[in-house]
Structure formats: structure tokens, C-alpha cells
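Shared chain: chain A. Partners: chain B in the first complex, chain C in the second.
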Partner chain A sequence: MNKYTVINPHSEFKVINTHVHNIDGAAKVTGRATYTFDVKLPNMLYGKILRSPHPHAKILNIDYSKALELPGVIGVVTGKDTLGVKQGIWRRYQDLCDEQVLTVEKVRYIGEAVAAVAAITEEIAEKALDLIDVDYEVLPAVFEPMEAIKKEAPEIHEGFERNINVTRHIEWGDVEEAFEEAEYIREDWFKCGGQAHMCMETRAAVSDYTPDGKLTIYHSNQSPYYMQGLMAGVLGMREGDIRVISTYVGGGFGGKFELDGAIFCSAVLSKKLHRPVKIVFTREEDFIASKRRTPMFYYVRTGVKKDGTFCAREAKVFTNGGAYTGMGATALYLTGFFHSFPYRWKGYRYDGYRVYTNTLPSTSMRGFGAPQAMFCSEQQIEWIAADLGLDPIEMRRKNSHYEGYEVPGQATIASCGIDQCYDEIKKWIASKGKLPANRSIGISACGFMSGGIFNWFDTPYSFSSAVITINQDGTVELHVGAQEIGQGSNTTMAIICAETLGVKVEDIKVHSGDTDHCPPDLGAWGSRQTLMAGNAVKMAAEDAKKQLLEFAYAQSGYNIVYDLDIKDRWVHAIARPERGYDYGELVKKALRGKDGQRIVGRGYYTPHRKGMISPAYSYMLQGVEVEVDEETGKIKLVDSFTAHDCGQPINHLGLIGQLEGAFSMAAGYGYLEYMPYEDGKLMNPNLVDYKMIRATEMPPANIAEIDTYEPEGPYGAKEAGEGLTNPTAAAIGNAIFHRFGVQMKENPIRPEMILNALREKAEQDKAAGKDKPGKKK
Partner chain B sequence: MDKKLLRLTVNKQEYEVYINPKALLVEVIRDYIGLTGTKRGCDTVSCGACTVMINGMSVKSCSVLAMQAEGAQITTIEGLEQNGKLAPIQKAFIDHGAYQCGFCAPGMIMSAQALLNENPHPTEWEIREGIEGNICRCTGYNSIVRAIDATAEGKYREDRS
Partner chain C sequence: MGDPIICPVCGRKAKTGSAIDCARHMFGTGDKPHRQWVEAQGLSFIDLLIEQATTPGNKSYVALAEIIEKHAQAQKK
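Right after this comes the complex of A and B.
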């Protein structure tokens, strides 16, 4: 049902890119894997959070005396039990630290946490919420960014004029001059929707504050180190006195690396009540009170020459930031940068405005601003090609990045396989032959980063670190801060470690997800771990291996110009691979030689001189075959194909899984996953009404992997699995455009939008005396 | 409400629990018996994370009261392996990378097993329909479909005594 092909494969590896099973498999298929959701500590209480029914209100008084009288209720906390610290993940910038997770004076969205109860059962805690009386002074509220920037709009945060939270400007070249050169200019407005992360494991935490002043937290997140740092800030504790354990995490997708109500309220309750407290969000809470992908209004003006050469682009973007900053500030930057991808623009200008509204805060989500950017860019480019009568694939190709290209002042492209992606997608389209009348194909290109180089968190540590300890039997303890959230990072790190050291994956035990035992690492976001943590692991394994080989040299008797190596646990001279001995033997010798000290290898990665965004960029091109029912406007994906350059693939099974999974989430963003708000209230906060891709809706996800070599990545690897969330919405839109000639400027593309567009087109055509629509262009 | 005594057979083991008669089967399995392999992902019988087998048929254990399951044979994810050996469907999930975060995997595997019990040689479409009630946010399902298909082909069958 799926075809996977590899273009330019490299095969010198023993472990990398072979059929290695995910190392957490036995735990995950047997129910042994213990998630935060499953943690139960002795004497543990259950917490529940009282949430604001108002989008914007002052809290005048909270009376929880009746709740305390309910048998089984142990305690209640409100903002007054906290230090009232305004926090944010951009902690280097004080004005962007704007969120008190348990609010003190004011609520700014429906669902914001107002109080939290701990009781001996979850049921009692839930009942107690009804017994808390909150007096609110309701304030005028505003829900859309284009309203919120008006002069007369209510002020959501003091001192932020016109509710503008953050602005971003990116510019290169002489934009006006480049537009002057253009022979054809097109401008469009787009509206990009939000999207729920919808992790299968809802936000969950168990906090245990003990009399020695230490706090242990089990928490479902993407970066235990960030949680440790942020919690220290809001509780006035030392980072080192807080331990965050996140062994198995039920999904993240960009939504789990900021403080959430579960971790904060459980910790405040535990500190006050001196008992462990567990808080698990219901699915409804997860929808209304976690965060979401950032909705955006996009204005795009693009100038090209008649032969399809791209000259200039200018974009203005207003994002619905919701009530707080969070990671939304980064999404505002990245959407503006990736909107230029994967093309060369002589002049490029982007102005982004993140606007506060009285809605659920928006933040990062898989793709990190780029899916919105590509929905607009890749459709407009298709329309330009149609306007000028040019081949949309060849027009893209002639303007694309290439190896060695410098995005002026922003980035240097050290590896780029997009040219071959165009070849592969053409082959796929040709292989489809003539399509049935109700089907059409749309394509979309994009690129993505391999980790961000920015340090708004202000970490004093290297971005990634790894420590390797070798046991006497040759087994390896690999300690990494890289966070496993299902994307397979534990397996990827084990593969890099095994390949480098020359042992088997079964020899590696990966320790991650525990701040007491693992070195700090920024965690799983922005597709950073394979490159950054992977480099740290490679360096640590090389360090350990060098120490081992010193002993091997000392007793080998070989001339020093010979190279020794270990591969598949076999220690040998490269020139004489048949004469060697077992790696376990070498480890024992090395131990004796070191007076019993174990071999410890250390590695780290901190980016330097890598431009403004990322050390490396992946490239991809996707085609989708779409069927639309003209009567109902219903979309069905029939087939898909992705040509993809992630440098050297490391984790073969993991890569396929990530590409297929990203595609399903991207397809959901394209036509299903819709978050309608009315007066600040989400109208579908449940899995009956919030539609997403299910097994019957998922088409084949054919993949051609274009292997390139990325010099900055470990063994040539770069991003995979996040970038592929970017192209699909536009590809679906382009398929609809080619079938009907209508332009879909809003996503998710819903049936009524298609029907309306067809109706309008029919009316226009009728007025112009043309044929009825429905014919392929 | 008065608690009631319930005798429940889970993974061939009989348990006696005193429960609120309104307790859902998933709550009893997780909170009273302590088998936390079975997950919960929603409150609306929509996600399938809590799927178990009752008399060999897949059932979302948040959709039935525990009292209704009295006398039935309940199988949870913990009951699939025998003598420490994985069931073919479990091996297939590992071999095909048919899970990522793993939170949906127990329910997904139970749905898959129940499907194969009922229809040992399903078509691809029958497989997709068989797991339609289970949401997986990570994989995009195709690896799961491949794993179930390979299991039906007999690829992972072997002696587990």
C-alpha cells in the first residue's frame, strides 16, 4: 500500500539506516510503559482546576470555604498562594513573560485557571469545584486580531498598545527595486486556522514536595530541563532542588514545552498540603486550556518576471496570539522566515504582528508557523504559474535553493536535495496517467530547520549534552537530555551511539527524561534533537572509543600509522580486519589499565556562526491526489507522494513513521481540524466534533528519500518529521484549484467553502457567458 | 451510593472488588485492579485508547459499566503475552514501528487482535474499518495497517508455550 524508495543511498553503515526496532517497543506494546497518566504515589491526592467562564474579567473575590467543608477535600489554592510570578519561555525578555499559570487578578480567556482543589479522590475534587464562589467583574473582550489592533479595542495586557504583543521584521535585498523589476505582481489575503495538538495523553503531572525542600515532578512534556527551569522561577526554588521525570510521554507536537496548569497547580498544591498531588486534564480541558497552533491572517504580495523568475515578495502577518506569549513569539519569527522557502528572492520583506486576544493562547505546533506560511505561499505560486501559463514545477525548480546558496543575512544552505525532489514528483505524476474526472493532483514544496540556534530561554548550558559510561561487559549507559516523546529519539540516539562506538543497539541503554540523571538539553522542539543531541552523542561515543583504542594500540604492537577501529564489537586494524578480538575483552583491559575507573565519554553541541535560524535545512516536495464530491464538497485524499531530503537517514523505521505521521497531521490541518470560536468559546472541545484523520481517511503515503550529506549533522543527518507538516494544506488547495479553478484562501478547507466557491464561480462564469465549472483546467 | 461486590475475570484471573455500581469498566481495570496498560484519551467514547476484549470482541471499556462485565472473559493488553512471549500482533507492531508515543498502542492492539479473531484474513479496507474507532495521533495509521496485515499473513506465528 506504500512505496518507499531511496535515491543515492549510502551503505557504509553497520547500524545507521538499518531495520532497527524502536528500543521502547517491548514496554509500549505490552502496557508496561508507565506514563505520567499512570503514576500513583503513596498518600497521593487528586487535583482539579476551576476555570474561568469569562473571556475577560477581573477577579474580585474567591470564596472556597464551602469547598473545604466537603468531606475528602484537603485543600484549595488560588493565585494568592503563589508568588504571582509572571513567567514565559522567552525568559530572557521580561516583557514577554506575561503569564501567571494560576491567575491572580484577571482572567484573559475562557478556561484560564482560577483555583485548584486537592481531594482524596478525583470525583470529590471535581464536586468541590462547584462549591467555590468567584466574583468576577466582567470586562469587554476581543477575539480576533484585526479587531484587537483597533484603537478602541479593550486593553488585554497593560502597556501593550493596540494589543500588539510582539513584532518581527525580516528583510533582505532592495525590495522596492526588486518589485520594479517584476513584470507581474499578485497580492492575496489568506486566513490560516488554528489546530489542537491533540496529544493522546492529555496534560498530566504528579508533584511531590518533600520536607527536605525538594520537589519531584512526574510530568508529560517535551523538555524536562525547561520545566525544571521554569518551575524554579515560579516557585522561587533552585533548579537543582527540582527533579522532573518524563520517562514516557504520550505525544507532544509542540504543545508540551511550556508550563501548563497540571504541573503548576499540582506543585503549588503539593507545597501547601505536603502530599503528592496528581492532576490530569480531561480531553475538554486539553482543548480549551492547553494551547493551539497559531491562527494567522496573511497578506502576500509577490512579483515575478514573465519567464517565472522570482523577484520580490512582501508579507504582512497578523497572528491571533490569544491571551499570552508562550512559544508564539518564535512561531511569529519562523513563519516569516519559512514563507520565503525554498526559493531565492532578490528582495524579501516580512512584517509580523502577534496580537493579544481574549482566546486560548496560541503557540508552537509541529511545523512551527511554516504550515501557515506554506498554505499561502505555495498556493499563490501555483496561481502565478497559471496566470502566466508556466509549468508550476519547473517554475519552482528554477527559483529554488541549491547547495551553497546563502539566504541573505539569514542562512547558508550546506545541503539541498530539492532539485531531485522535482524529478521524483514528476515521475510520480506521470505514473498516475489520466485521472478520473473527479480527481486532481496538487503539489507543494517546502523546507524546514534542524533545530533553532536562538537562546531566548537564556540557558547557560550547551544546547545538547551526552554522557556515555561503559560497563565491564561492554554494555553502555547513554545519558542524554534529549526527550523521547514518541518521535523515536531514544532509538536514534542509541543508533548513533552504537554506530560510533562500534557496538550493537542492544548494547546501549538510553537514559533520558529525568533531570536528576541526565545532562541538560533544550529538549524536543524545532526538530533539533537528531542534529544537536545526535552530535553530542557522537562526540561522547568518539571520546569513549578513543580512550578504549588507546589501550588497544598500546598492546597491539602495530606501527603507529595503522588505524584501529571497532565495528560490530570487533576490535581490529582497519588494514587487517580479520585479525582482531572481542570488544568486551578490550573494555576489561581498559578497566585494569585505568585502575578500575570506568570509561566515560562526554559530548556536547552548541551552535556557532550558523546564521539566524538553524544549522541545517531539510527540503521536500509533496503531491496529493484529491477527490472532491461536487454535491457535498467533501474531500477525500486518494494517494500521496513525498520526495524528501533529510540528509543521511539515521533511524529508518522512525523516519518512515515520522513522515507518515506528519502527513496525517498536515492533512488534518488542510481539510478537517477546525477550531471554531464564538465569543471566545471553543465550540467543539471534544473528539466527537473535532474531526481528525482516522485510519479510513488516511491515503497511502509514498516516499522517495533523497539522501544528501549535511556537513553539520551527525553522519550527515538533518531534520525529518516536522517539516512534512508544512506542505499538505497547500497541496490540497492546489488540487482543488486545478480541478475547479477556484482558490481556497482559508484552511481547513471545509465542504461549505468549496461549495460556496463553486457557486460563486458558476455565477461569475454565467455573467461572463462561459461554460459551467467543474472542468479541469 | 452503596458499594457493590463485583467478581471480574481479567486475563483469566478472577478479582473481587467493591465498587460504586456506576464505575466504568476502564476505571475498575485501571484504578481498582491496577492494570494501567489500558489508557483513556477522551470522555466521549471517541478515541479507543481504553479498548479491551470482552469474550474476544473489542469493546471501549469507557462505554460499559464494570457491573455489566461480570461473568465475562476480559482481556487487556497485559493478557496478550504468554509465558513472557509476545503475541504475534505485538511482535508485528514492533517490527513495523506501528506505534510512536505508544499511548494509543494498547487499545489499538486490542482492536487489531479482536479484528483478527473475527476475520483472520481481512482486506486492507477491513483492517482500516476495524481500527477506525482508535485514534493514533503519531503514526498516520499506515504502519499499523501493515502490521495487522503481516500478522494475518502468519508472519509472526510461532510456538509460545
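Right after this comes the complex of A and C.
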């Protein structure tokens, strides 16, 4: 049974943090929600994509004449039917726009799209793929970043020496001097694995190009505005002639805000054939031909004083970028930044290198580089505390961020509840008492951003916008570009709108996921929506409310406007709340007074002067109780506890769901979700062999929410639900360290790795004349 | 502290105006003109980058900073 407690609760709200269920929950549980998969249009065709069997090869010729002869096949397209635009989400930097979704001359990973077929059924389209002949000239390939940077490695992209795609450098303080001050220095190498996004809904799109030159696309994504902009670029169309509809999305997790084969190939086919075309990825395609969490090699050198004061840290990171850039450049920066979190370093230096290889491209995924950073950082810190004989919690506390702290040249911390997180985790550990011999506890700390301030997409629009229209009966149409992907964004926006306007959640109708009707917004990534879109919604609601209260004021006879307010649909004087009248009545009067013009409120948000990364940061500390079978090396999570600071929670039901979901994904990254490649081929692209944590394997996810107030957030809110993907892998590793004294430097931590580590330790102990590892004294 | 060092390629002053910040700027920018300038000084841009990545410390940045400083002094004269 999960426990949820709140520390320092605020109670001045009427709607915020009350018991609000997801506003789209009923549509989802009754099957009425229309996902892209469910879309059917008249005369619709079904598309399938032919994929490369080679990790690196030139395309010499594609002959699809036999495919066209198959009854039911309507058309085939290859890269030659496209403009051949190299695109990418880093639009501001042309070098990083390196991917043709339907490749023209060369394939760079197994699974890359080389042709697409449209037919009257999916089965016919699938059969037609076998009738397409592609002549390849196979090229030498390279799969690991440390191999790809060697002089003799094959060149994957022309002009990128040693296959280095992007570098990132972060530095503050005098690092060498800070290392000089250290009395203890430790260095370690780590290897962090990839991870599949594993959305319930695979990549899917329906494109409908009409003779008037307009294109409507139904697509499962995290940012309809990004899709609109990117598709306009690759098709040579105007953004305004493309409508992207993404009303319901079955998960994104960072993998659905770049162009994918489904949206691009369906659009190219539809443009060529003038019929709607639907493409839905199979689960295998989602594994081999989408993108993944970035695998990383991490070198970490840390210097501390004997009393545990942190002095300096240096990190060198090589990431396996796969064949294309995607969002990998951002992940490369963020992993380096969050590797310093949540601590104060006198000197800090990070050198990150993203390296092209002939594997599936890697990109953003929930946590955005931070889970890898924390796997390395939080384990090394635990080992340092053990080496120095210090309490690992108190050592962390001593060096942690605090309210008002400035990460030099990077960020200002305006709210920070981590100190109380330490108190809560200590209480939880104490409450466990003496553990059975086969169990141990590991902890890990971290922080995370509340949206990114970077504008690599080069948008001239505000980062977030909202428009509110009030109907004559008082109901509210809220149009937002914020994207609902299952994380509860629509509900959060409705709550903020209702709280601000002084009405109830059921009065708000949220419109999102449609570029024709919703204002542009960067969408759902980097934990940005509650803070950024939430601020835009709050501003729009305040604008609308101000217009209403002007009428109320004119009627009331009071001499100052701010004497009036609306709460619970009741328009009243603040000093005399019993004196008032119904909000619906006010709306009608206001409409009449404006000659029928509707009340429209507008809001927008773009961060300014907020450092290099984000306007605000969440903080958290997690503990996991782990059981390991010494004979098999199998890990079982028994219990967990998270002390968490997300500022002011907007919706605690949504918060609990987000934290549980993040924890399950993080646990999978920690010990289950393994992506082994052989010669560039993923060996387990299915749900039988790719192990994810199941409901029966989830331990209780107990939460203590430390309420703080973030001045930049709407009503004090900041990130929740992505940051918690970061600490778990390290916490599991730390539990194993405390049980057996072995250090797990690679994740996911698999049974064979534990057994090998135990074997090696036994040999070392034997040589040193010690007891069996893991034996409790 | 002497005059701030200006990037010999694009003319920007990097952060504090020190030679090491200018070296960081050159690596960070990493475009063709900056690479060519480094190569023209007899260094290999890519080798410096790999050296920085694969060995502890800050050797490559320091090496480039020394060259930038010498260049700046020569320009002054």
C-alpha cells in the first residue's frame, strides 16, 4: 500500500491540490478517446516502410516495379520522391540538421527507412515490401563511440572528423586549485545503457493531403507545433497550410517530438497519391526505427576534504549518438549540468562528446541525460562516504544546494526543499528497523529542471501561450498549445484556469493538440508545461477575470477594483464575501455591456534572465529497499520512499501518478531494460525479451511531498514526474553496495553482473584472507 | 590584468576575456574558420579535442590558450 504525506501544506486554494481526477479519464476508460491508431478516413490507404538490413551502406538502386504490380498496391515512394531536406529539431544550427527521414543515398543504421508503400490494406502493403529490390554497397560500420573516434574508424557523416557530432563544455571555478585543496580524490569509469521509450501507443500517423494544397495530419506526438514546423520544412510548404491534430497521445517520454517515419512517409505518400495514408509502427519498428535513451561512457574524478566537503569534480563523457543528432545535443549538455546536481562544487568541469555510430539514433528520454549522470554521481558519492567513514546522508546534506544558491554562471536556485528531504529519508530508514539478511537500502539524491530556456527550434513565438473565451453561461473554452500525452497536462491547465478565474474545474473545457485551433507552444518535454504553459494559462485567466471584474466594479459602486473577487463562481467584495452574486449573471451582464463581444483572455510565457538551463528546479531524494538472490543475482525491489519537492503541487492525484510512473521507468533503467546490440542489430526488439517492470514487480511507491514555493512557477509550482526518473538506478546500485560491498559501474544492473562482481570480490577477499562477500557480521 | 583577449577568428571576447576562455570559445564554436585557425598554428583541432576527452585535466585547453596568448601578444607588437 502506497503512502502519500505532505510536509508544509498550503491550504489557501479552492481548486489547486484538491481531489481532481483527470478530466479526460472518462473518455479513456470508456474507449471513446480517439488516438491516431483509431483514425479512419474515407478512401484511406495503409502504408508500410521498407527498412535497411545493413548498418552502413550506399543505396545504388531501388527497383519497386514488381511491388507496383501487386494488386491493391497504389503507390511507392523513396527518398527520390522527397526534397531530400536534411532536417532536425535543432533548426538554429544547420550542421545538426542531419537526418533525411526517408534516406536518399546512404543508410546509417539497421532499420533506417529506404522506401514506403501505400496499399488498400496493411497486409498488402507488407507483402509489397518483399517485392522491392534494393542494391546496396555495404560499407564498414562502427558501433561503439570509443571505436568511432579512432583515426581508422569509417566516416559516418561527411565532414565530421572522428565521427564527433557535438561537443559540450561546462566549467566554473578554478578546477585544478579545487583539486589541490582536496584530501581525497577518486576516479571511476561507468557505462550507462540505452532504454526504449516504450510508449503504449507506437509511432502512428494519418496524413491527408487535399487538392487545395492543404495537409492535415493526425499524429501521436509531444508537440504538434514542432511537427507542423518540421513538416513544413521537409515538404516545402507553409506552416499555416499544415494542420496537425494530436488530441490523445498514448505516451511520449521524450521520444515523440522529432519527425518519425510514420508522419513523414504517410505525408509523402499522401501528397503523391492525393489520398489519406495511415502508417502505424509495429512494436518491433518502434524498437529498431524510432530513437532511444542515450547510452554513455562516463569518467568521473571527484576531490573532497576528509570531513566530506566537496571540492572539485571533473567529468568526461562519450555518448553513443547513433546515426543522427535528434535531441542528443541537448541531452549531452544536460547530462553534464545535472552531474553537478544537487551539490555545490568549488570547481567543476565537464567535457561531453557525442559520437556518431552505426546504431539506432539516441535522443532525449524522460530525465534527459540526468539518469545517466546520477547513476554515476550518486554511486561514486556513496563510495567516497564509505571510503572516508562518513554518513552518506549527512555528507550529501552538507554539500547540497539551498534557496538562493547560484550554480556559477548556470542557474539561480529560488526554491529548494532538499534539506527536508534528507530529514524525511532518515525517518523512513529508521522506520524500517533491522532488515532481513538478504535485503539492503540504497539512497540517491537529484534535482531537475522545470522546462528549458533554450530556443534551438528558433521559434519567433512565445514558449507557451493560452487563450480563454468565456461563454454566456459562464463555461470557459481554454485553448492551449500545451500537449496532453497522458501526463495530465489538460487537467493541470484546467485547475490553474479554474483557480484563477474563480470557477470550478467542470466549467473549463480544454482544447489542445490541434495547430489550427490552439496557440503555438513548444509542447511536452523537459518538464516545462506546468511552469511555462501554466503561467500562460494563469495570465490568460487573469486577463479575462480583470475584464469581468471591470463590469462588476462598475455596477457595485465600490471605489476600487481590487476590492472584488470571484471564488467558487461567486462574485463578491473581498471584505464582505457574503455580499455578492452569481458569476454566470456577471458574464451575461458583461456580454451585454460589450455589445455581445465575448470575453477573451490572452496569456503567454517566455523565460527571461533565468540562467542557462531552466527557470526553476525540483529536488528529491529516493530510498529503495532491495532484495538480491545470492545464487541467481536476481534483484527484487521490496519497498521505496521518495521525499520530493515540486514547489506547490497543483494536482496531488496527478502528482502521485507521475511519481509512480517515473519510478517504474527508472527502476526498469536500473536493473531490467537492456538493449544489447550485435553488429548494429538490436537483439531483443520485442516485449518478450525486452524486460520491463511489471505491475506485480512494483514495490510500494511511498511519497513525502515537501511543499515549497517557487516564485517563477504558477502558484509556486515546478517540475514533477520527470526528475524522479533520475535517482533510482543509483539507489539500486547503492543498496547492492551496502549489502555486498561491490560497486556496480554499468546499468542496467543485470544478474550476471552481480554474480561476476561477487565472484571477483570472493577471489579478492580470499587472496586477502577475508570472509565470503555479503556475509553479515 | 592586461587587455581582454579577443578571438582571432570572430573577434568576440569570451566571458572574462582570458586566453583560456577564448580557447573554450574556440572549441565550443568548432566551426570551419575556428578549426582552420587552430590548424594554421600547427595544431590538430581534432587531436586536441580527443586529448581533452580522453585524459584527465585540461591539457588541450591550456595548450590552445598558450598559442592564443602568444598570438595576441604578437598582434599587439
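List of remarks:
The definition used in the following text is that the second predicted complex is superposed on the first by the 772 of 777 C-alpha atoms of A that agree within 3 Å, B and C clash if a C-alpha of one lies under 4 Å from a C-alpha of the other, contacts with A are read in each partner's own complex, and residues count from 1 in each chain.
By our rule, a residue touches a chain if its C-beta (ideal position, glycine included) is under 8 Å from a C-beta of that chain, and two chains touch if they have at least 3 such contacts.
Nothing here was measured: the structure is a model prediction, and the numbers come from that model.
After superposition on the shared chain, chain A has more residues touched by B, the comparison being chain B against chain C.
Look at A:K316: by the touch rule set out above, it reaches chain C but stays clear of chain B.
Touch criterion met: A:E171 reaches chain C, while chain B stays clear of it. When the two structures are aligned on the shared chain, A:G442 is found in touch with neither chain B nor chain C. Looking at the shared chain after the overlay, A:R32 reaches chain B, while chain C stays out of its contact range. Contacts of A:N22 after superposition: chain B is touched, whereas chain C is not reached. By the touch criterion stated above, A:P649 is placed in contact with neither chain B nor chain C. Using the contact criterion defined above for the overlaid structures, shared-chain residue A:G661 touches chain B, although it does not reach chain C. For the contact definition in use here, the chain B contact set and the chain C contact set of chain A share no residue.
Chain contact summary for the complex, chain B toward chain A: residues 30, 35-44, 46-47, 49, 76-78, 80-81, 86, 90, 93-97, 99-106, 109, 124-125, 127-129, 131-132, 134-146. Within the complex formed with chain B, the chain A residues making contact are 1-2, 21-22, 24-35, 37-38, 198-202, 248-253, 282-284, 485-488, 653-654, 656-658, 660-665, 686-688, 692-696, 698, 700-701. Listed in rising order, the residues of chain A touching chain C in the complex are 95, 149, 161-162, 164, 167-169, 171, 175-176, 187, 299, 301, 314, 316, 318, 349, 351, 353. Across the complex, chain C meets chain A through its residues 24, 27-28, 30-31, 45-46, 49-50, 52-54, 56-58.
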